[in-house]
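As written, the chains take the letters A, B, C, D, E and F, and residue 1 is the first residue of each chain.
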Amino acid sequence: MSRNDGRQPDEMRPVTITRPFNHRAEGSCLIGFGQTRVICTASVEEQQPRWMKNQNRGWVTAEYGMIPRATHDRTTREASQGRQGGRTLEIQRLIGRSLRAVTDLTKLGKRTIWIDCDVVQADGGTRTASITGGFIAFMDACRWLEKQGLIKSLPITDFVAAVSCGMVKGTPLLDLNYKEDSDCETDMNFVMTGSGKFIEIQGTAETTPFTLNEFNAMANLASKGIGELIALQRKTFLGELSA
Amino acid sequence: MSRNDGRQPDEMRPVTITRPFNHRAEGSCLIGFGQTRVICTASVEEQQPRWMKNQNRGWVTAEYGMIPRATHDRTTREASQGRQGGRTLEIQRLIGRSLRAVTDLTKLGKRTIWIDCDVVQADGGTRTASITGGFIAFMDACRWLEKQGLIKSLPITDFVAAVSCGMVKGTPLLDLNYKEDSDCETDMNFVMTGSGKFIEIQGTAETTPFTLNEFNAMANLASKGIGELIALQRKTFLGELSA
Amino acid sequence: MSRNDGRQPDEMRPVTITRPFNHRAEGSCLIGFGQTRVICTASVEEQQPRWMKNQNRGWVTAEYGMIPRATHDRTTREASQGRQGGRTLEIQRLIGRSLRAVTDLTKLGKRTIWIDCDVVQADGGTRTASITGGFIAFMDACRWLEKQGLIKSLPITDFVAAVSCGMVKGTPLLDLNYKEDSDCETDMNFVMTGSGKFIEIQGTAETTPFTLNEFNAMANLASKGIGELIALQRKTFLGELSA
Amino acid sequence: MSRNDGRQPDEMRPVTITRPFNHRAEGSCLIGFGQTRVICTASVEEQQPRWMKNQNRGWVTAEYGMIPRATHDRTTREASQGRQGGRTLEIQRLIGRSLRAVTDLTKLGKRTIWIDCDVVQADGGTRTASITGGFIAFMDACRWLEKQGLIKSLPITDFVAAVSCGMVKGTPLLDLNYKEDSDCETDMNFVMTGSGKFIEIQGTAETTPFTLNEFNAMANLASKGIGELIALQRKTFLGELSA
Amino acid sequence: MSRNDGRQPDEMRPVTITRPFNHRAEGSCLIGFGQTRVICTASVEEQQPRWMKNQNRGWVTAEYGMIPRATHDRTTREASQGRQGGRTLEIQRLIGRSLRAVTDLTKLGKRTIWIDCDVVQADGGTRTASITGGFIAFMDACRWLEKQGLIKSLPITDFVAAVSCGMVKGTPLLDLNYKEDSDCETDMNFVMTGSGKFIEIQGTAETTPFTLNEFNAMANLASKGIGELIALQRKTFLGELSA
Amino acid sequence: MSRNDGRQPDEMRPVTITRPFNHRAEGSCLIGFGQTRVICTASVEEQQPRWMKNQNRGWVTAEYGMIPRATHDRTTREASQGRQGGRTLEIQRLIGRSLRAVTDLTKLGKRTIWIDCDVVQADGGTRTASITGGFIAFMDACRWLEKQGLIKSLPITDFVAAVSCGMVKGTPLLDLNYKEDSDCETDMNFVMTGSGKFIEIQGTAETTPFTLNEFNAMANLASKGIGELIALQRKTFLGELSA
């Protein structure tokens, strides 16, 4: 079976990382999963969220957005509509949970790290690219904190990356592009750690319910893809991290 | 291992269904998963959503809410805050997708079915109770349409129900109550059909990433629980459905 | 003259009280005025409203809502519209004023009591049922405060209940149901105390202006109905209140 | 008993009417009840409200606002807060109902009359001045429609005006100013027609519940005051109206 | 060339100032530029804006609004729309900047002066009338502060007024009315000080781009008009200001 | 006098144009004015704005946004705040007016061109870079329309670009960066055409009012800078445009 962009079923799109991308942020990158491109920045705020007051720890939170013409047809700007849509809120909650799952919030200290993921071109997989690139920006912000002497050691306990899988005509495919995502029977997003465990699984059978065997086939494919993404993350920081 | 309410790890809470619950709606029930209680209504609107104009089919959509004191401490009313939160939007999108996955929208005709799930008491599992009870209300609304002669046959292709599972100290547990949900390492929601296939999987490792084996243990537990829920749904409609 | 549900002009619909209805709230009931059913909860917040800062007293405030299918046709959810309508704000202001009129706010101490009235089925008289049931929830919350030793004596100075009256074809009717309310020339809401005095009067001549004599006929009818409601409230608390 | 501005208990404040006040509106006046001053305009829109589509009649609706420094201390501008408060919505609904009660909506034809009441100085009685002045603007807009040949005869069936009454230390007072309104035990608003009937009664016992006798004393006082206001309205239009 | 109201190209409309206009505000006036009429009030708040905390100075800020029927056709009320439009925000930012440019914020002390400009009739030049009248209200509020002993000397460093100019068929015109404003090729707003310097220039070529020579012709015309406005402001305060 | 980045007073920052930048938009570029970088896209919508219905022409409108970490410190995302700020609305109105001033809307036909300017890094001059880059995207979208045969000839009547100038310690400077913009006495934005005429002038004396001579010095500097920008635009399209 040949995919619409000529890839093998278990083949990721080319992943590109430009780091840093923004000269103000404590951490930043532009990540590309094929034609999908997301600006990820990590910003340090020396303040806990209000609801956390008086606890001896920090917080990591994420916001997600798309410029209007990231999509094939122009999408209305959420700022001019006066509210973030359900999909946006769902994705930014996912990014935040994924990064917090590998963070020792006590080590982070009484501060907030804001991860902003702004999609400048969307071709499927914007949430998985956001998590993968958001981790890089987050790592750099933590390293900046360490260099400034604001924290004693990195509060990050493992690497984290994400990828989507889908069933198309009964075949499991890795890293769906927009066309594949629209056509597939099932769309599944996996978030995993460097140690090969799952942090988050989100999947929907858009048209055809799936079996546990099919799920496991997708999970194994995701495991392969995330392994490659984390290898790339490791290479990115090669020689830079003490641990 | 004994659970905080004395249940076995693979034991559901008592499920209660009061049907109909509301004398206006085309379909309705009050569903209880233990202390969790949700009013589910299905309302028929003889109009397609605006974005669907000129397509030869209908739509099923869901809205979710909680009365302020459904929760242990009073929660601010979303109507007075001026917006639905991210959790609310995420849940109502999930309910809608789950019901659409077992609906032949063409058979439904050019109309919208609104599923409203209003939690009057929350003790964990409000989204899974909403899907399970929402299905019952939806089925009754479709049967009402059939009796009125507005549709020729039921547009529902299968039963659907949902349950949560979690890992607590390494043990997979079925149908978490609020206390268990707060304490668990992983919280997983499963939506399945009467034919035993998956429609939706949503899971988060709140504290400890999980393995594929652990996932499969939870999925099997969910399969057992959903089987029981669907048996109960079937019993509810016993002798009422022609098919 | 026979009414559409067979009642006499001066006859209330059957009133039902389920108490408590919610296991979390400090006070709660489900009140029914015929087919109208409202969940009333009272929640204690150990904090004054912000605008009251530094005064030596508390506050009682109310919020009102309807689940979308409480009404004959589905009503849009206020939370998804992004604002509470004028009718909602008007009713919740009325409930709050009515309860504050029988409260010694100084005795209540520096705290806020939230009265939530959520209509699950609407058939006329939702605001009068809300006040009558809200009082019961409020009383129970105050008794809870007393039992906890948080207040020395009940801050409630009198009972309070409410009922609607209307002129239909020149005849004054007590406790209008939805159909009567839609058809009547005048719709009047009365809030009275256990000592037979008025707290609030709100009336509108929808089609035919009324005379002072007609008003007095309605007021006397209301007095009768509220007397019955307060007798029911007293019976509810019989033997429970020291005073 | 002497009032804080030297009036007798049954004495209105001086009422002033500047008509027209605005050179664009089809009807307008600046009405003063003592220091309270409200700009009232009536605007003709040749369109029914959307919800009325296909009915053979028109609509009268009102909006109410205050400039920020109308009040003793500056009030936040509702436009910058992003919503109209409950008090504003309550008042504008009252004004609209009061005017519709004396309107033959069928005679008005398929159009909307917007009554805008903007308070430029507030000293108690802004809603009663708005109704009284709003009627004048509305009458002039109807007369404009008649002169333009857009309607055959005036759709107004009676005059309408409004006044407040209150109980202060057991004495009923007519037309409360702000200081009296703040101090009174009961605050009652009456809307009446030229034929001496009631359209709307709204009253609250802020501190001390009242008896039916006390209510009747206030109603009689209101009747006297509204009689004076309607005499003034009649004088305003003297010789101008054919009927 | 004769203008639509018979004025010479370099002739202002009659300017009228009623001062004070509001008996509560620390400073107020009703200013008229021909048919354009704006209520300007200045309110003293003994509090800095939140973002200024701990700085040793005050702030001057402005809000702008229009009553719905200020315009030829009724404009929707911004409060009921739930937001202030771009034009409103742009104008109130301009008024605030213009007044701050002649204010020594340190001398003002830790307080905020709110300038509210509410247009009751609009015929072109509402922003320039607002600045010119807002200055008068602001000056009176500062003089009030001085008389109260709250400040030692006036924090105002110069007079400020504003006027519009436009190019109509190649001729520069001073102080455009609404009709001229709609027809002109270029619309330019100038804000100047008593010493003849510019504070703000805002101009748009609606249809025909303009040359630097044309700009200078308009600037000179504005200089003449603003000179007249400031002469009127000086006359208004004649003998009242010590300096 | 040496500037903080070593430039001469009349020297622009390096201007970079990456074109196209987005593979979906009908026109797009990434424009850099020094460290300021803006993504500009032009999207064709085959529909007029609603308010323009039944007129024989089209519309050009702009929206402006910043990703949260475009600025030195993170700025709150407008979408999550629920409204666009005054500065944003002011800038996007300016961009829209500037482009419409060089557009023959009748030639454009019954469609809307959306210009989106999203700042990914901000260092002063974001509005001038947006206009300059927005023009390029707009031109490409018009050329796309022409190639598709949707319009007969380009509806653009002239080039347009923009630059800021300021007075710093009495010296006029061209193209201010963020630091200069914060420090300057006067901040002036100029929009000009290829024929050297002005479309828009917006200037504020933040601290020190300016004279007409000073204005003219800045205008001449702007004229030089805009000349260079338009030369660059012309070079960009060299050989591509028929005219």
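Annotations for the structure displayed:
Rule of thumb we're sticking to: contacts are C-beta pairs under 8 Å (C-beta built on N, C-alpha and C of every residue); 3 or more make two chains touch, one makes a residue touch a chain.
In UniProt terms, the chains line up like this: A, B, C, D, E, F = Ribonuclease PH.
All values derive from a computational prediction rather than experimental measurement.
When the partners of chain A (Ribonuclease PH) are compared with those of chain E (Ribonuclease PH), the chains appearing in both lists are F. Shared contact partners of chain C (Ribonuclease PH) and chain D (Ribonuclease PH), listed by label: none present. Here the spacing of chain A (Ribonuclease PH) and chain F (Ribonuclease PH), counted between their Cα centres, is 33 Å. For this pair, chain C (Ribonuclease PH) with chain E (Ribonuclease PH), the centres built from the Cα atoms lie 51 Å apart. Centre-to-centre, using mean CA coordinates, chain A (Ribonuclease PH) is 28 Å away from chain B (Ribonuclease PH). Residues of chain B (Ribonuclease PH) in contact with at least two other chains: 82-83.
Listing the residues of chain F (Ribonuclease PH) that touch chain E (Ribonuclease PH) in their complex gives 83, 85-87, 89-90, 92-93, 97, 101, 158, 188, 192-193, 195, 197-207, 209-212, 215-216, 219-220, 223.
Residue ranges of chain F (Ribonuclease PH) in contact with chain A (Ribonuclease PH), taken from their complex: 22-25, 28, 35, 39, 41, 43, 45, 63, 65, 67-74, 77-84, 88, 114, 116, 118, 120-121.
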